[in-house]
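What follows is subunit A paired twice: with subunit B in the first complex and subunit C in the second.
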Partner chain A sequence: MPAPRRPRLAVWKFASCDGCQLSVLDCEDELLALADRVEIANFREASSAVLDGPYDLSLVEGSITTAEDARRIKEVRAESRVLVTIGACATAGGIQSLRNFANVDEFRRIVYARPEYIEILATSTPIADHVPVDFELRGCPISKAQLLEVIAAFLQDRTPNTPNESVCIECKRRGNVCVVVAKGTPCLGPVTQAGCGAICPAFHRGCYGCFGPQGSPNIPSILEHLAARGMSGPEVRRVFRTFNSLAPAFRTAGDRAGAEER
Partner chain B sequence: MTERTISVDYLARVEGEGALTVRIRGQEVDDVQLRIFEPPRFFEAFLRGRSYLEAPDITARICGICPVAYQMSSCHALERALGMEVGGPIRELRRLLYCGEWIESHALHIYLLHAPDFLGYPDAVHLAKDHPEAVRHGLELKKAGNHLMQVVGGREIHPVNVRIGGFYRCPTVDELGALRPELERALALAEETVRFAAALDFPDIEEDYEFVALRNEREYPMNEGEVASNRGLRVPMHQFEDVFEEVHVAHSTALHSVRRGAGSYLVGPLARYALNHDRLPPRARSAANEAGLGGTVRNPYRSIVVRAVEVVFACEEALRLLDHYRPPAAPFVEPPPTFRATEGSAITEAPRGMLYHRYRLNDGGLIEAAKIVAPTSQNQKRIEDDLRHLVERSLALDDASLTDACERAIRNHDPCISCSTHFLSLDITRS
Partner chain C sequence: MGEAKVGSRRVLTRDTFPELFRALVESGYEVVGPTVRDGAIVYDRLRSVEELPIGWTDRQEAGTYRLERRNDRALFGYNVGPFTWKKFLFPSRERLWTAVRKEGSFTVETEPTNGPPVAFFGLRACELAGLVVTDRVFAGGPVADPGYSGRRSRVFRIAVQCGQAGGTCFCVSMGTGPAVRGGADLVLTEILSPGPHRFLLEVGSEAGADVVDRLPGPSVAAGSEERARAEEIVEATANSMGRRMETHGIRELLRDNLEHPRWEIVAARCLSCTNCTMVCPTCFCSAQEEVPELDGEKVERWRRWDSCFNLAFTELHGASVRKSGLSRYRQWMTHKLGTWHDQFGTSGCVGCGRCITWCPVGIDLTEEVAAIRASPGAIAPKAGGKT
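Right after this comes the complex of A and B.
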């Protein structure tokens, strides 16, 4: 009896740092087993062998910043049975979406000697603004464990178990001393989604929100907390406008912190 | 007269999105373009108005493969701007963190991206079917580098523990000591990697490179030194922009880094090795000798062996740093509470070569200007020179073989295209 066909995996890149797709290769203990379970059909960073679509599972890294990419993501969607976005760029526009709050022509002039050569959109936007997305995996970068869980869930035809609770829950579970209580350090843990392992508090640092907002963040409360611990309006605005500035709750927080300053 | 065009629309097994076009007219190579279509992300623009304290976390996001390089160059540039001296155990810990990144990044390139070219496979997964041990060794080595980054930096991609002045929290002696068995095993695997790489078949090619790297009096360079070249250049790192410039080349819309009054140059493992092999510690030096490397390697294909020697160095150096580690009294040096408007620059050695950062700050600590010159942007013109020479001597090959050969020649230099996009254009003029 012939072996059943393995599901075909594709990994796609848009505007990004490559870190989230690198997370696939960083699964050193699991990579070869994964390659037995799925056929790695299109993963340019890792292989020069490319199989045509359709693909059973597409992992999409990066945000949409050019007209060409806005067209290309539609092709990727059309070729993909399941499309999962990975990382802050793909799910919330990424650090490059800071251009959305500025004048992109000025950005072009600052960086490039010949700005007229640079063809880009005025905004950096998440993949879900352009095509339907089946699942969004958060993080800047994503967690390897959560990535494996998403792939395993897909293979088993179930919903991934990636809780949208706060970093505080994860921090307590890890047994960290709370940096807010012990040292008065400003911390985004209460409004940020778990998944990183609460590493910043474990290293005596306040969470800076790289996994984006948790399921039910209390924005007015966190704004009060940050102000009470000495952060100025512009500092609060900047901390929300960093890696997940287009995630709705963080966008609201950044806008409010900005408005209060004026 | 016949015309041929060799083109690769999407380079595989490199980080980021790049393409290649070669135009051949008769027996002449008309044009060679290593093109970048990775969309620009405007880091130098949106850093304006951000606090200097944010630069290490923000610039790390330029590259998921070498985030520590961005953190190190930004910290050193800003500490210089602020007149901060960071030495002792904090300096040593930074070097230890960098060792983790060199191990991880080089192991990735050697086994997952580069070795498949020599052995005739499209990727490491296919390579593993016939050479399972080699690929397992590569993954184990890479994991050891990543683990070191987790312990010192918090995580391997975009570490959270680096800040201006040092670290948020320094590891304990026990935490570092626990890494010893894994790093000893990694050192043995790295020596095995040198033997594996040295036994590959190399085309008999030498290029006349101007090698540029940091060099200092004490050690194989990471975060300190002067900028030196094999053609007699020696300047303080802060004079980088006086010596090198980005120029607009007529045939391309891309800017290329060149040495003023000279031309293309090469940064990265071949350059570091050529200028610093006398600084290698004993086991790295004997690994290089056993592999027959000599003092200078001009064959770009042999860069895989030099990367492997640098992995031996990084493992050996990490073990030395573990053994001598005593936690500092405070995890970071406090930046001055107030200061005047200021400016500072620095270079550190990313796995792919020199990474230059310069910042100008206002008296409130906000960044007014930032300039970042990544290794791949410095190497781009030199990679095109390699390609031109390759095509000139390979005109007899059919298009498919020539295309493969060009892709291999690019991968020799481990280009990291995600990093280079701050200056490269998208809009390509075609004839």
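Right after this comes the complex of A and C.
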């Protein structure tokens, strides 16, 4: 029996830092096994050899910040059978979506010597705002283990297993002592989705919310709790407006925390 | 045959106390017990008595835990921390088996269930009660969990009667402590005063007697003085519980108040973060997951701690049965305090207070029970249809 054709994989970049794409290359031990199972057809971070589409699986990094990006994502969608966004930028706008809460023209004037050369949209938006997305993988950056799980699930035609439980449960499984209760450190762990392995609390820091909101975040309660632990409205708004500021629950949190101060 | 028997007593001075540790090691046990790490008292591998939290205590209230220095050198002058002995018996992540594809079929390899004997050094009365509960859950039914049962059969239990109660303790209400009444191989009571710093050691099993026979020096029967002092200490602890819970008729109280307005009040605070269930010595839920290799030739089945506070916990055919935080908190509390009786014949709560201390927003189940008890039969205006 002839070997079945390997599915074609493409990795695309939009407005992003490349950190999530690097997670693909970071799969050092599994990279050869991966290359056995899929044909890496278009991945400029790894190789300048590019094969034409269509592609069976497209991994999309980054958010949409220019008119050109908005056009290009439609092309990517058109030549991709399955489209998976990887990381906070592609899934929730990324850190660059802070522009959505400010005046981008002001930034352009302050930052660039010749602002007229900069063609840019007023907002940074997730991929799903522009084209249908088959699966969104969270994280800033994504977890290598979860990425491999998503690819394995694609190859095996099943749903990826990326639990939408809180970071707290990962902390406890790992054996971390809770920084909130034992040290009074502000922490977004209770409202943030697991996946990172509770890295920050393992190093005695509160969670920064890199994986976006967990499956059932209680935003009013965490806002009250952070205020009771001494954080001001602007401080609370700042912790929710980072990499996932457009994720609906975090957006609500940022908006409410800010509103109280005005 | 040694001299010590079940019921024998000895007195160890602070200077001779390390002999007990040495006797355990000589008997072949790996010793795990309380030690200070990252601002809390945790249970971990101990290499000597010096690694105990000597001179430390913990101050606990709803949502806060702080270590503080004592003004003495007590070895057991604190209460329970964020972790439980359950992590040694029911690990947070455990591979159950591996399947490998082979010639059109597959073979399954199970995990070995052997391992070293382990001494749990410093179990409190509430924790012994917790072990009885998890024994019933994992090994009391028609099918015993092989991993748990194997590990449990190799455990030696050195209990400590509490010399003080923590701010969130309520073992007296649950009838589980602070006195140790059976279930331990050895029982210690630390006596700080009057007189020299010393320990009453009581033998609770044949295995305990074997360890005591390894202690050097003549087998001096403990004076009635130490026994009387131990009783005073436990009595004083019982009289200073940080919390209490009225348990009379609690099963019926909760069953008859499923639409009480209090559930909405607590649900507004509950973060569904799972911390209460993770720190509970008796919460036993797990999720099982397949971890296949990319080529699909090999798959591992893993079990990880799960919680009824997770949305996916009740997911069936793409949707969760218990969607609201209210239904999830109510499920947890009514199971722990009420329907656990129907399922296992006891309460699921041992009164250790961990769920109160380690809740980030300080939800206190003793307060929740009291609130429902204060107005039984009340119905929330929006009751009905809430899942």
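Heads up, the rule we're going with is that the second predicted complex is superposed on the first by the 261 of 262 C-alpha atoms of A that agree within 3 Å, B and C clash if a C-alpha of one lies under 4 Å from a C-alpha of the other, contacts with A are read in each partner's own complex, and residues count from 1 in each chain.
Note that contacts are C-beta pairs under 8 Å (C-beta built on N, C-alpha and C of every residue); 3 or more make two chains touch, one makes a residue touch a chain.
Predicted model, so just to flag it, every value in this text is computed and none were measured.
The superposition on subunit A brings subunit B alongside subunit C with room for both. In the overlay built on the shared chain, the residue A:131 is in contact with neither subunit B nor subunit C. Looking at the shared chain after the overlay, A:120 reaches subunit B, while subunit C stays out of its contact range. In the superposition on chain A, contact of A:76 is made with neither subunit B nor subunit C. Of the two partner chains placed by the overlay, only subunit B lies in contact with A:20; subunit C stays clear of it. Contact with both subunit B and subunit C is seen for A:204 once the two complexes are overlaid on the shared chain.
Across the overlaid complexes, the C-alpha centre of subunit A sees subunit B and subunit C at an angle of 110°, to the nearest 10. Once the two complexes are overlaid on the shared chain, A:35 sits against subunit B while remaining clear of subunit C. Within the superposed three-chain model, A:173 lies in touch with subunit C and out of touch with subunit B [touch as defined at top].
Touch criterion met: A:45 reaches subunit B, while subunit C stays clear of it. Of the two partners subunit B and subunit C, more residues of subunit A are touched by B. Touch criterion met: A:235 reaches subunit B, while subunit C stays clear of it.
For the pair subunit B and subunit C, the model built by superposing on chain A gives 10 Å as the shortest CA-CA distance. Once both structures are placed on chain A, subunit A residues 204 are touched by subunit B and, in the other complex, by subunit C.
Per the touch definition, subunit A reaches subunit B in the complex via residues 13-23, 25-26, 28-29, 31-32, 35, 40, 43-50, 65-66, 69, 94-96, 98-99, 102, 106-108, 110-114, 117-120, 124, 140-141, 196, 199-200, 202-205, 208, 210, 235, 238, 242-243. Those residues of subunit C that touch subunit A in the complex are listed here as 37-40, 42, 63-67, 82-83, 87, 92-93, 268-275, 278-279, 287, 289-296, 304-307, 310-312, 323, 325, 357-361. Interface residues of subunit B, counted against subunit A in their complex, comprise 10-17, 38-46, 48, 50-51, 54, 57-58, 61-65, 67, 108, 112-113, 116, 122-126, 128, 132, 135-136, 139-140, 142-143, 146, 154-158, 160-161, 163, 167-169, 246, 248, 253, 255, 331, 407, 418, 422-423, 425-427. For subunit A in complex with subunit C, the residues that touch the partner chain are 30, 33-34, 36-37, 148-149, 151-152, 155-156, 161, 163-166, 168-169, 172-178, 180-184, 187, 189-191, 204, 214-218, 220-222, 224-225.
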